[in-house]
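Each structure below is given as structure tokens.
Look for chain A in each of the two complexes below; its partner is chain B in the first and chain C in the second.
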Partner chain A sequence: MTDRAGAGRFVGRNRRTKEDRRFIAGLGRYVADIRVPDLKHVALLTSPHASARIVSIDARAALALDGVYAVLTGDELAEATNSLQHGVEAPNIIWRPLAQNVVRYAGEWVAAVVADNRYIAEDAIELIEVDYEVLPAVVDPEDAFASAELLVHPDHGDNILFHRKFVWGGVDDDFAAADHSLNFRVKWGRNSTVPIETFGVVSHWDPGQEMLDVWASVQMPKYADQIAEALRLPGNQIRVHYDVDVGGSYGVKRGLKHAVLTGYLARKLGCPVRLLEDRLENMSGGDAHGPDRIFDVDVAFDGDGTVRSMRMRALDDCGAYPGRAPLQLGKPVGSIVGPYKIGSVAYEAISVCTNKTGQVAVRGFGQAPTNVAIERMMDRVADYLKLDRLDLRRRNFIQSAEFPYTIPSGTEYDSGDYQTVEAKARALSDYDALIAERDTLRGSGSLAGIGVATCLEPGGGNAAFEPLFNPKNDTTTWMESCTVKVDRLGTVTALICTSSSGQGHQTLVATVVGEILEIDPADIRVVHSDSLSSLPGNSPVASRMAIMLGGAAQRAAEMLRERLMTIAAHNLERDEADLVYADGAIHARDDDAAKLDWKQLIRICHGQYHLMPPGMEPGLQASYTMQVPNGGTMPTADGRVQMYPCFSFETHITLVTVDPGTGKVAIPRYFIVHDCGTVISPAIVKGMLLGGIAHGIGAALYEKFEYDESGQHLSGTFMDYLLPSSMEIPDVQMDEHCTPSPLTPLGQKGAGEAGYMGSPAAVVSAVNDALAPHGLTAESLPIKLGTLSDMLRTLDGKD
Partner chain B sequence: MTDSRPKTTVSMTINGAQITADVEPRMTLLDFLRDELDLTGTHTGCEHGVCGACSVLLNDVPIRSCLMLAVQANGERLTTVEGLSDPDGSLSLVQDCFWETHALQCGYCTPGMLIAAQALLQRNPDPSREDIREAISGNLCRCTGYGQIIEAIELAADRLNQRTGKAAR
Partner chain C sequence: MKAAAFDFVQPSSLDEACEHLSRAADDPQIIAGGQSLMPMLAMRLVRPGLVIDINKIETLSGVVEQDGGVTIGACTRQTDAETSPVVSGRLPLLRKALRFVGHDQTRNRGTIGGSLAHADPSAEICLTAVTLGAKITLTSAQGQRDLAASDFILGPMTTAREENEILTAVSFPIWAADGRVGTGFQEVSSRQSDFAIVAAAAQVAIDDDGICRRAAVAVANATPAPIRLTAVEDGLVGQEPTAAVVDPLLPSLESVLEPEADLHASGTARIHIAKTLVKRAILEATEDAAADD
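On to the complex of A and B.
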């Protein structure tokens, strides 16, 4: 087998990960495994109503229960804490862990009990009596947008959290000049990543250190800072421990209100306090829902299939409290045309409040829903012109020679070779044979369809949507750090500034540092530090860690290597240019005997100051804090902005069948070709890709948080909210391509959102292709079995 | 504070060791394993019997420890993920195959998956891909999309079959 493009000694090689062993042995250390003496347990009383005034709360019976230490309600917490922060400017929307005076969604936390164990805490919850005056609820997002009377937050003045019409280029002219136009609506249903581990946090006020220790199953930028601000504590009085294994997140493990609540309780009670969501709390009250979006798209195109212009309106229902949710309409600005050369775009982004559970960042930060809208647009243009859907995409691709390529919204794409990836996918799937297979299935009475999707995965972070969506926010720094040090015994340790939730950061850093220092990654320790002992970081969001943590670790390791070269040059009395670094030793290019081995070099660094070059810092350690490549500029007045730096690309092709009786969708064939530049850890990228595809199949066909007309949440269990099992997820055939990024040291791009970027679009494309011969369309995700069976029954009636 | 709630004495064999303890009758087997015995390899996922993260072997059959009370396991024989490894801590063949194929990411569902895989290979040392799919279909994973898990179990079955005369351990 030939080497993978960009492969080095360790980079790009199939190697065992550093993390897996402890998990396989049952030795992971998740938040529920944190053992602190005298730990007390929290249970939550949640609102049964979507919208109500809290008339009174009587907790006397709960407090009287043996084993109960406290019952906390919103009034007391409001006295002691500041509002949690929002991503958009909404100063009159107060958001605290516990509701005060009114509840704004079914599941919102109303009171918290602290008890000896969770069983007793739940007993006490049942003894709290709350008198509610039920109020009308805002449930439909279009109603929320239009209503001036029925408001989720009356002090905010309306239900609109963000509304802006961006116009980039001559949209009206392009529409006027185009041969054709069409419009359609597609809906992305309210779902989320729903990790198997719910959110949990342990907070402990250390009276000796006068410091709040926090262990949390968290994946959130600036978590410690935000806890400190809400609890009105100095930043250095909070220590978030990053050495907690996180049982899945994919964006959603934010848990700010959980930490503020337990932090307050721990300090008040003088004992460690733990809150582990149960599944209902997680799904109804955890504020961890994802985008819930209606897209209206107009597209202008020519008879040859050239797409000229697009108008997209996206209305997102972010639930009761904004948090960072509205910003998920902002991230797609940086890839609003996908991989296509579309000359002009109008994008209207609307985020509204409703009486539903709050929304949080979900894998891709709004990109997967937007990709569905873009890809449905391409499908519809192809269908209208009776062109093959892959051919149409190919016709509109940005050409590989055109990179770096700036799209109408101002973002420059780094690199890509979309034609080659698409061609590889066509070959992998034997596309013509696949079409023949579909047609054979159709001929035998089956409903069969082929789906395609050619999608981008922006990676690298750079949250330029913050200043874009909030004029008071001028954040352009989006950094990540790593420290690498070599101890006196010569072993290498790297410190990272985040917790991990399955991304394999220890493997990533060890691989990159090992590559530079030419030391086996298996011998390198990678430590998750804590918020006080680490340098700045922004957590593993935005498909950024291969780029940003990998980049920071590489630079820190290079600094060590450069220092070793200086030391060797000094001692061997040679120019650095005449020296060779090999396997941790340095020798003269022309004389192997003129050599310092690793032990000797380390001995000089740690013990022989007399052999060090004058003025050099003793020891052997280096830290590097990396800013996002090509980040650091503010948006223009018309909303053009450099969003993420690196753009991975994936082509999906799938064949599905729909059972004409039950509406059950089966996926007999699934193909993907993926290009994320240089692959650092092949097994990890493969896992991300397969997991992302599965997650997207869930979003396309199964997963939805349902609400009734009164705002009651109907899917708080795994019997109502359906997660795909091994029976629903197909075997996936895959291939890869490597278009290195010119912006990163190894040519790497992001892969943490891979698969998920395109699989919802591909599956929806396939289902619609299966329905098309019968004159049916399904444009509301998830396309559930019931929806399809109802649709097909109508068809029976007609026949 | 002394807890005055009544307790019942239970005894069972867990990972080969005899355990006797006093538990509240309402305590789940899952909480008993995790909180009373500190066997934290078994994980809490949904607590309503769907996700399979809490799977353990009860007399060699995989069960949901969230749906069983500790008192119901009185007198029974249990194996948790901690019991799959050898006493010296070395990984079992199935565990090692999970590592080799990177059959996990966050690791949270992994103990339950291993329990399901172990049970499958004990009753069917030569499973088809569809057998494997079915055997793990009661264990939800949000990270992997199941592909590398299925590969791991296939690999384990191959290696077990190469070890003639040896049953799954």
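On to the complex of A and C.
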């Protein structure tokens, strides 16, 4: 086998991940494993109504129960805390862990009980009497957008959290000049990443240190800062421990209200307090739902298939409290045309409040839904012109020679070779044979369809959507840090400034540091620090850690190596240019005997100050804080902005069948070719891809948080919220390609959202191809069995 | 999701269990495999004062062939029934149905009697019992009685069991040889191993001329309790059960079925699916009978 492009001694090699052993052996340490003496347990009373006024709360009977220490309600907490923060400017939307005076969604927390154990806490919850005056609820997002009377937050003035129409280029002129145009609507259903581990937090107020210790299953930028601000404590009075394993997240493990609630309770009661969501609490009240969008797309194109211009309106239902949810309409601005040369774009982004559970960041931060809209557009153009769907995409690809390429919304794409990836996918799937297979299936009475998707994964994450969507926000960095140190015994330890939720950061950092220092990554320790001992970081969001943490770790390791070279030059009395670093030792290029080995070098650093170059600090450690490549600029007045720096690319091809008698979808074939530049850890990238494809199949066919007309949440358990199991996930055939990024030290790009960027679009494409011969379309995700069955009923007797 | 407090007993004999059950003031509830009861306890949807665990009563487990039928003890694990040679040999329809009951893991715990007593409208074991006209045995401190499955299962989670009774066994008849017997079991669920959106079962006896001499066809989850499709059965007997014969029988389902809509499928979708599955189950059974040599 030939070496993977960009492979080094350890980078790009098929090596075991550092984390697997302890997870597979059941030796992980999750928040529920944190043992603190005298731990008390929290249970939550949640609102049964989507919208209601709280007339009164009587907690006397609950408080009288043996083993109950406190019943906390919204009034007391509001006195002591500040509102949780939003990503958009909405100062009159007050968001606190416990509802005060009104409830705004079914599942919202109304009261918290602290008791000796969770059983007693739940007994006490049942004894709390709340008198509600039920109010009308805003459930439909279009109604929410239009209504001036029925408001989720009357003080905000309307239900609109963000509304802006961006126009980049001559959209009207391009539409007028084009041969054809068409429009359509596609809906992305309210789904999420639903982790195996629900959110959990342990908060402990240490009266001696006067400090709040927090262990949480969290994946969130600036978590400790936000807890401190809400609890009105100085930043250095909160210590969030990052050495807690997080059992799944992909964006949703935010848990700010959980930490503020337990932090307040821990301080008030003087004992450690744990809140571990049960599944119902997680699904209904955890504020962990993802984007819920209606896209209306107009596209202008020529007879040869050239797509000239696009108008997209995206209406996103954020639920009751905005949080960072509206920003998920902002991130896709940086790849609004996908991999295609589209000359002009109009993008109307609308984010509204409704009486539903809050929306949170989900894998891709709004990109996967947007990719579905873009890809449905390409499918529809191809179908309209009776062109092959892959051919049409190929015709519109940005050409590999055109990079760096700036799209109409102002973002520069770093690199790409979309034609080659698409050609590899065509070969991998034996595309012509696949078409023949589909047609054979059709001939025998099946509904069969081929789906394709050619999608981008922006990676490297910067904060550019924050100033774009909030004029009061001028954040232009999402830095990440790493410290690498070598101890007196010569072993290497790297400190990272975040918790991990399955991304394999220990493997990433050890691989990169090992590559630079030429030391086996298996011998390198990677430690998760805590918020007080760490340097600035922004957590593993935005498909950024290979680039940002990998980049910071590499630079810190290089600084150590440079330091060792200086020490060697001083002691061997040679120029650094005449020295060679090999396997941790340094020798003269022209004299192998003129050499300092690793032990000698470390001994100098840690003890022999007299052998160090004058002025050099003793010890051997380096820290580096990396700025996002290509970042640091503010948006222009017309909303052009450099969003993420690096662009991974994936081509999906799949064959599905739909049983006309039942509506059941099967996926007999699935192919993907993926390009994330230089692959650092092949096993991790493969895992991301497979998981991402499965996640996207869930979004396309199964997963939805359903609400009825009154705003009741109907999908609070796994009987009704359907995660695809291994039985629903096809055998995926994979290939890869490497177009290095010129912006990153190893040429790496992001891979944390891989697979998920394109699989929803590919599956929807395939189902629609299967339906097309019968004149049917399905444009509302997830496309459930029951929906297809109802459609196919009309074909009864024809099969 | 923690159960409210309850008392717990684990009797080792049926008499002892019946005695506990007769104390209605304790609001007793029987637990066997716990695959439905445990989540209901955790969600506090049921709040018994006393939980009677019948897992230690050895006489409640086992599969035996007797009196022209197969009797299965209520506490027999679904997995044990699935792998029982008696079930494979004499009750192939039940064997097929059991493959659709939950997952391997839940079948290792879940019991035959527990599923019948729970009477979920989508339950495959209930459907099979109704299809074959199984007999349900109920025991109390006062004695024992038998009910036909269709008289026992009254509706969703509703049975004719009195509060002081324990479901102790189910007996499935074995069809006397009036032709080659074939079985078909068809189910659609959103994901593999989910609760059935609709399930259909068919057992036919086909003579040497390919003519159907006897037919039992039933559907689950399109009515409050599994229902025999007598019009379809009547239409099959005396005919060669081909697609051409089955198709004209399917519209009769529309007047019999009364499916409810839920998040997974509408009522009309369920009727469409039921027609498909009934047809497939009959054709599967017919093919199975032909392959029986």
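Convention: the second predicted complex is superposed on the first by the 796 of 799 C-alpha atoms of A that agree within 3 Å, B and C clash if a C-alpha of one lies under 4 Å from a C-alpha of the other, contacts with A are read in each partner's own complex, and residues count from 1 in each chain.
Keep this in mind: a residue touches a chain if its C-beta (ideal position, glycine included) is under 8 Å from a C-beta of that chain, and two chains touch if they have at least 3 such contacts.
Quantities reported herein were computed from a predicted structural model and do not represent experimental measurements.
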Partner chain in contact with A:Met727 - chain B first, chain C second, else both or neither: both
Partner chain(s) touched by A:Lys664 [first = chain B, second = chain C, both, neither]: second
A:Arg21 touches, of chain B and chain C: first, second, both or neither? first
Which superposed partner A:Glu706 touches (first chain B, second chain C, both, neither): second
Chain B versus chain C as contact partner of A:Asp790, first or second or both or neither: second
First (chain B), second (chain C), both or neither touched by A:Met719: both
First, second, both or neither for A:Glu122, with chain B first and chain C second: second
Touched partner set for A:Val194, first chain B, second chain C, both or neither: first
Contacts of A:Asp278 with chain B and chain C, given as first, second, both or neither: both
Most chain A residues touched (candidates chain B, chain C): B
Common interface positions of chain A, toward chain B and toward chain C: 118-119, 278-279, 719, 725, 727
Sites on chain B touched by chain A in the complex: 1, 3-5, 24, 26-27, 31, 34-35, 38-48, 50-51, 53, 80-82, 84-85, 89, 91, 95, 98-111, 114, 129, 132-134, 136-150
Touching residues (chain side chain A, partner chain C) in the complex: 118-119, 122-123, 126, 278-280, 659, 661-664, 702, 706, 714-715, 719-720, 722, 724-725, 727-728, 784-787, 789-790, 792-793, 796
Partner chain A, residues of chain C touching it in the complex: 1-5, 43-44, 188, 190-195, 197, 263-266, 268-269, 272-273, 275-277, 279-280
Sites on chain A touched by chain B in the complex: 16-17, 19-28, 30, 32-33, 35, 66-67, 116-119, 193-198, 245-250, 276, 278-279, 501-504, 683-684, 686-688, 690-695, 717-719, 723, 725-727, 729, 731-732, 755
